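Comments concern the structure below.
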Amino acid sequence: MPASQAAHADAPSPGDATPDLRRRYADVRGRTCALAAPLSPEDAQLQSMPEASPAKWHLAHTTWFFARFVLDDPAVIPEGWDYLFNSYYVGAGERHARTLRGLVSRPSLHEVLAWRDEVDARVLRGLEDGRFDAAACDVLVLGMHHEQQHQELLLTDIKHALWCNPLKPAYRSDLPWPRLAAAGGPGPLRWLRREEAIVETGAPPWPANAAPFVYDNETPRHRVLLPAHALAERPVSNADFAAFVADGGYRTPGLWLSDGWDTAQREGWTRPLYWHEDGVREFTLGGWRERDPHAPVCHLSHYEADACARWAGARLPTEAEWEAAAAGRRIEGNFADAGAPLHPVATAVANADAGTPSASVPSHPLGLFGDTWEWTGSAYAPYPGFRPLPGTLGEYNGKFMSGQLVLRGGSCATPAGHARASYRNFFAPHARWQFSGLRLAKDID
Amino acid sequence: MPASQAAHADAPSPGDATPDLRRRYADVRGRTCALAAPLSPEDAQLQSMPEASPAKWHLAHTTWFFARFVLDDPAVIPEGWDYLFNSYYVGAGERHARTLRGLVSRPSLHEVLAWRDEVDARVLRGLEDGRFDAAACDVLVLGMHHEQQHQELLLTDIKHALWCNPLKPAYRSDLPWPRLAAAGGPGPLRWLRREEAIVETGAPPWPANAAPFVYDNETPRHRVLLPAHALAERPVSNADFAAFVADGGYRTPGLWLSDGWDTAQREGWTRPLYWHEDGVREFTLGGWRERDPHAPVCHLSHYEADACARWAGARLPTEAEWEAAAAGRRIEGNFADAGAPLHPVATAVANADAGTPSASVPSHPLGLFGDTWEWTGSAYAPYPGFRPLPGTLGEYNGKFMSGQLVLRGGSCATPAGHARASYRNFFAPHARWQFSGLRLAKDID
Amino acid sequence: MPASQAAHADAPSPGDATPDLRRRYADVRGRTCALAAPLSPEDAQLQSMPEASPAKWHLAHTTWFFARFVLDDPAVIPEGWDYLFNSYYVGAGERHARTLRGLVSRPSLHEVLAWRDEVDARVLRGLEDGRFDAAACDVLVLGMHHEQQHQELLLTDIKHALWCNPLKPAYRSDLPWPRLAAAGGPGPLRWLRREEAIVETGAPPWPANAAPFVYDNETPRHRVLLPAHALAERPVSNADFAAFVADGGYRTPGLWLSDGWDTAQREGWTRPLYWHEDGVREFTLGGWRERDPHAPVCHLSHYEADACARWAGARLPTEAEWEAAAAGRRIEGNFADAGAPLHPVATAVANADAGTPSASVPSHPLGLFGDTWEWTGSAYAPYPGFRPLPGTLGEYNGKFMSGQLVLRGGSCATPAGHARASYRNFFAPHARWQFSGLRLAKDID
Amino acid sequence: MPASQAAHADAPSPGDATPDLRRRYADVRGRTCALAAPLSPEDAQLQSMPEASPAKWHLAHTTWFFARFVLDDPAVIPEGWDYLFNSYYVGAGERHARTLRGLVSRPSLHEVLAWRDEVDARVLRGLEDGRFDAAACDVLVLGMHHEQQHQELLLTDIKHALWCNPLKPAYRSDLPWPRLAAAGGPGPLRWLRREEAIVETGAPPWPANAAPFVYDNETPRHRVLLPAHALAERPVSNADFAAFVADGGYRTPGLWLSDGWDTAQREGWTRPLYWHEDGVREFTLGGWRERDPHAPVCHLSHYEADACARWAGARLPTEAEWEAAAAGRRIEGNFADAGAPLHPVATAVANADAGTPSASVPSHPLGLFGDTWEWTGSAYAPYPGFRPLPGTLGEYNGKFMSGQLVLRGGSCATPAGHARASYRNFFAPHARWQFSGLRLAKDID
């Protein structure tokens, strides 16, 4: 999309905005390279399934986004790369088939990294020179959030790709690994009750005067009637889910959605995606590790999350219930910062538990942000009054509002700073390769 | 499900209920046979796609429902038929693969019809003798509604099967066919506006004291916050949809959901399912007929309905918006009664139009019931507080709440008496072989 | 193909030929109807896999052959039937997709049978009136052999279709069933040795002066160098094959061709197609029956036949070896005559065995004709000097000379009179639904 | 296979054989690395279709062959690599799925090359020390021929993989490219006639006293009766094939085998695999190049070769016809030597033509070896008396004798020294990514 076509109203003058924008741009771009640094050229080319992309492609596509939509200068895009690195923007022209991204050995990883440097230099120089108008700066901001989404996908995609290797190699062997608690763990699950209420959910549209960044799919802010319900204080843990497995959860069709049962049978599912058949270990970005029973369970499909909830006599929360619980809370948790384990940990729950040893009524939910995305029971659909961004960037979110479900809260692979209460992630119900778990909810009278 | 396990509270005593029940049972059962009467043994065996079933199978499966769940007497089910004619009730045992139903030449149509007679005689005798307790009577009532659903499927499935025959034969050649209006048609589309409001939607659970019959998926009655919106006075017509086609609707990816566009390209869609390439005719249960421009368009997938709405600068209504507009209105329209055309007609709109020649603000929606099911934008999901029926019959609805969308209002293939404001029909977004159309809605500020 | 374009030289004058031709035509056509007589309209519509066709289609297609290629009168083919009942004759126009034949409920079985009568009346009248020239009479003769091929397919296709019904119904319940021998069976396998020799194989082209009917793929007669080899006196029996199964034949990859092993694993083969898992029974056209250990094994794919031969330290014969052994022998065996069991029997071997109680060197092969087709190791390829029939009928055989293997000898489902030493049947190596077995051969020095 | 189990009789003593063997081993192994040298780590990982393998895999698998079957020392195979780099030797244990080879990023190309060095050092040291018995030396020799086969596959696989990249990059940009002849080209096609004769074909088994190396599938030497026939003097050229295309060859079903036509329609074939739609260029290992009309056509499937032959009023030769023509001729041609163009050239035919300006009867066939493999009409089947090598290496050839056709003569991607008159290459009839062309043959009376 030519930047000049982007909708914009009354933006801060570039002169003011850019010093901070330059720093943030450089940070975000550098973070992607840091995530790719442990990968060999061969690793960076792996595409283990149609839904996943090679790391090299993520590196190139995020760069293409800036070259195409911010710099808007054909000369900065080498011959043929526009075709190779457009993802799904029909308005931006023809593009390479998604399923064939793993067959692109040239350009090499090295060439893609060099291209990143070149584009970054141009963007930073453009910012310094005040060459981008407010609309272009907005697209730049969108591109940074876009890049952060791809940072998470880079991690989940490479995890899956390495797991497809019979040698089960680690992405990094130096990841920190929390010591497993010797004993204990959280007590019985506690519930946060909420009476029927009208709440405001979603966020005002961006870009607009003083509005913080959100994706169009989070807008507009609107009123919703929440029914009376209870929300679990904490996510479902590995130990909880192991009890579901041990109780025959994967062999009991009555617990499953019909599509879920069919999928589980066809795919031969008997446990979460990366659990070892030895019942003890799970595959992580650091290779095989001992499973922490008190950490949130992850790498579940919606179908598995839904079946586990039904087994527990509960259900998945709606996205409005989740957001109402999260609204106004501090966004802290186990994110993909430098030095992070890139795997869910038991910390949030353990801390909380320690703080409320005897109370049976919790004061607030734990572990909403980070660790694992939480499947909701809500189909990914437009909010009342939803309007996509204008032009080609309107393809960003709206056209995927079909056949997917909303996840909330961010995960251990989500960049710190990328999560918020109104954020709507979405995946097809059979998808398991994201860091996706669940939190229980219940109807109450 | 053994009838004695069905939940029940304070039912009318069988002695009172059965005279009417006997008549209604005989009516419903007879109506199915009447619908199958024009079919040869060969016709009745056709299964043209995995989602469709042979008419013979519908005849047998609906009978199996009563034999298994009401009579609950193994002797009444011939050896092997329990396996053949169970549809998806896992709790009722192993069953034949859905995709292979068209390969069952034996039992013959004749044998299946004879079995219907036998089961009907036993049911009617049982009712006469007061042999069924209240719970069994409830299952009997459910079975009658179940049978009516299969009556509609019988028609839509045989329509598709005959259309797969290069000879394009008619189901019946004696169907009445309304004369097409010489000129005119409805004027510009008018809108019914509604301000934000809390409405009650859904229905109280059945069976319960004095509650009329509804499926479990319509329950419980609950409060919903409707946003301010406008609903079109009438469904989208053939003429409207032809304008979408003529305007390149099927060639404009920006109008489509991503999954919809992919499906349309893969399947080569360029017009509604049964439209002739000559631009004039459409395939009906009476064979090729001239298309009525003012009749509601039908045989659209959700994807096509959604794209057409976007093209019109509108959207699909939510099911709550639809139900709020329908609540309390008389349920009249073009249904599958004896003597009906089994195809949408322009009557409802034409009449209404005549009645309000000059007003720009309509007083009420037209054509909500009958003619075509109307796709909504709502995913088929449980209402807050939803509880499936107990036991095996709990598989009736709940387990399909994944990947489907709600349709409302009933069609020209729906038996009269089977429609109601709270009724939730549901199909996958690519399904086109139902009589499915749309009505537009819009956000307003 | 217009009959007048068919190649022909010096044929007998119609006046002489037709009385016999009329009788033979009527016999062949009547036999097809007799084979279809036990089938209901529903049975006759079954198509259980893409390679098989409905009995109704066989009845119609064989009729179409005469209507199109002999009568050559468009008026005799109802509108649309030319499209429906052409099989694969590209030169005869567009045709219906093979995989969709089971979806043609109309015309009905009744209408197809009436059409047969009409076409037969015209053909017989035409013969009586001497209206067909010699070329047309040749096509008529070809059409009769064509019809006999479809008689066998009708039986093998309906057998497979009925077997797909969980009820496992019989095609006919009144088929004769030979009493199983109380004991004994043939002694150790004996071998017929043959030194290297040049033999003549194949047949002279038909139609030509005084040449008996053969298909083009059997021509021309030509010389072949046979290597020294030995051929088993009799086919492999059920008992022999059961020993292969018991010895882990289906679990030993080293015995299998690579494609065969892959197919067997993918399809889960552990025994011949119609053997019951009880180890005792097999599915026949008369339903479940006890397996006769001394009857030839049948319903094997080429892969299974090949693996069994390798397990036995032998190999499949080439088609030239087989034909050299069969040349000049009387063509007698268990064919699909009226009153036949339509299943392999032990007779041929038993009789022979009785006749040569002590000899270790057999005088001639047993059971070459009838009972089961015998897989050879020969790819179905053109003989040196092969020329297809001219015109559209040239599509009859030649274009299938790819990816298939030759079978020899005829089966219990082959019409009596249709077998001969030079006859080349052919199927893909994974095909198992024909009455196909094997005879062993060996290299000798 | 433990080397000591390999059949062997009276081999030359290792002490004598090894100096030459060491040189040849080093040469062959070095040549593979030289072929891989232009590839980046990313290139070397590409697997563009299930039938193809990554270059890295070829490098590793050929090394595994020596490590496993010659060194026979588990310590020399890193943990897990036995599983990764076994191709199809069921007797050598479980192995990685062929279709997933492109997902193995680790070990890296660098690690695989280091492993090659280590194994080579051990083999060369073993040879020097006389540590391998005669049987092991035989396996070593087999391994060298095996490696040469993979050299050709490495080239054809990488050519296909690079072609799948929308950028269409070259494997090497420095390949020599012959200047296209300004005019002329060979005159009308001339034929070599041969009367019916018994010929000896195939080769005596190796290893055996004084027998030169051949694969087991070329054995034993045996007598065949050749029918009278004519063989084209030269292969079909690009100009010849372009005439077939221009004459509607790809649109005329009557020219095609039935399977071939279906494949061509399904795949949308309208010209040879690597021909540009501009009608002028073709994709080569050096990128897009102008097509030489007089060079042999290549990258044809068997189906296309067969259709072209039929269009020309001819047929494909049998492998015996081909071998009889090649027997005793010098094996010279355009092979994959250092400095070769790795693409067919017009040389052989041009030279020959110059030598026989006026003769209408050629003295010998041209271009039998090198340039392109020539499809024959012969199914890949065992020769009479065929015996596979003993043990695991018996899986080398025999188990693939199903569904494939024989090609003869070697190509521009075949290592010099790897071709011989009795050599039998084989591929499925739809395969087009090899350097495969054709030579015409005809029946004569």
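Order as written gives the chain letters A, B, C and D; numbering starts at 1 within each chain.
Simple rule for what comes next: a contact is a pair of C-beta atoms (placed from the backbone, for glycine too) under 8 Å apart; a residue touches a chain by one contact, two chains touch by 3 or more.
In this text the structure is predicted, and so the values were computed from the model without any measurement.
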Intersection of contact sets, chain A vs chain B, gives none
Chain B to chain C, mean C-alpha position gap in Å, rounds to 49
With centres defined as the mean C-alpha position, give me the chain B-chain D separation in Å.
61
Distance from the mean Cα position of chain D to that of chain C, given in whole angstrom:
38
If a residue has to touch 2 or more other chains to count, which residues of chain C qualify?
none
Taking the top-of-page definition of touch, could you list the pairs of chains it picks out?
A-B, A-D, B-C, C-D
Help me check something: in the complex, which residues belonging to chain B touch chain A?
88, 90-91, 196, 198, 222-225, 227, 229, 253-254, 256-261, 302-303, 306, 315, 377-379, 381-382, 384-386, 394-395, 399-403, 429, 443, 445
Okay, in this complex, where on chain C does chain B touch?
40-46, 48, 56, 79-80, 83-84, 96, 100, 102-106, 108-109, 161-162, 164-167, 169
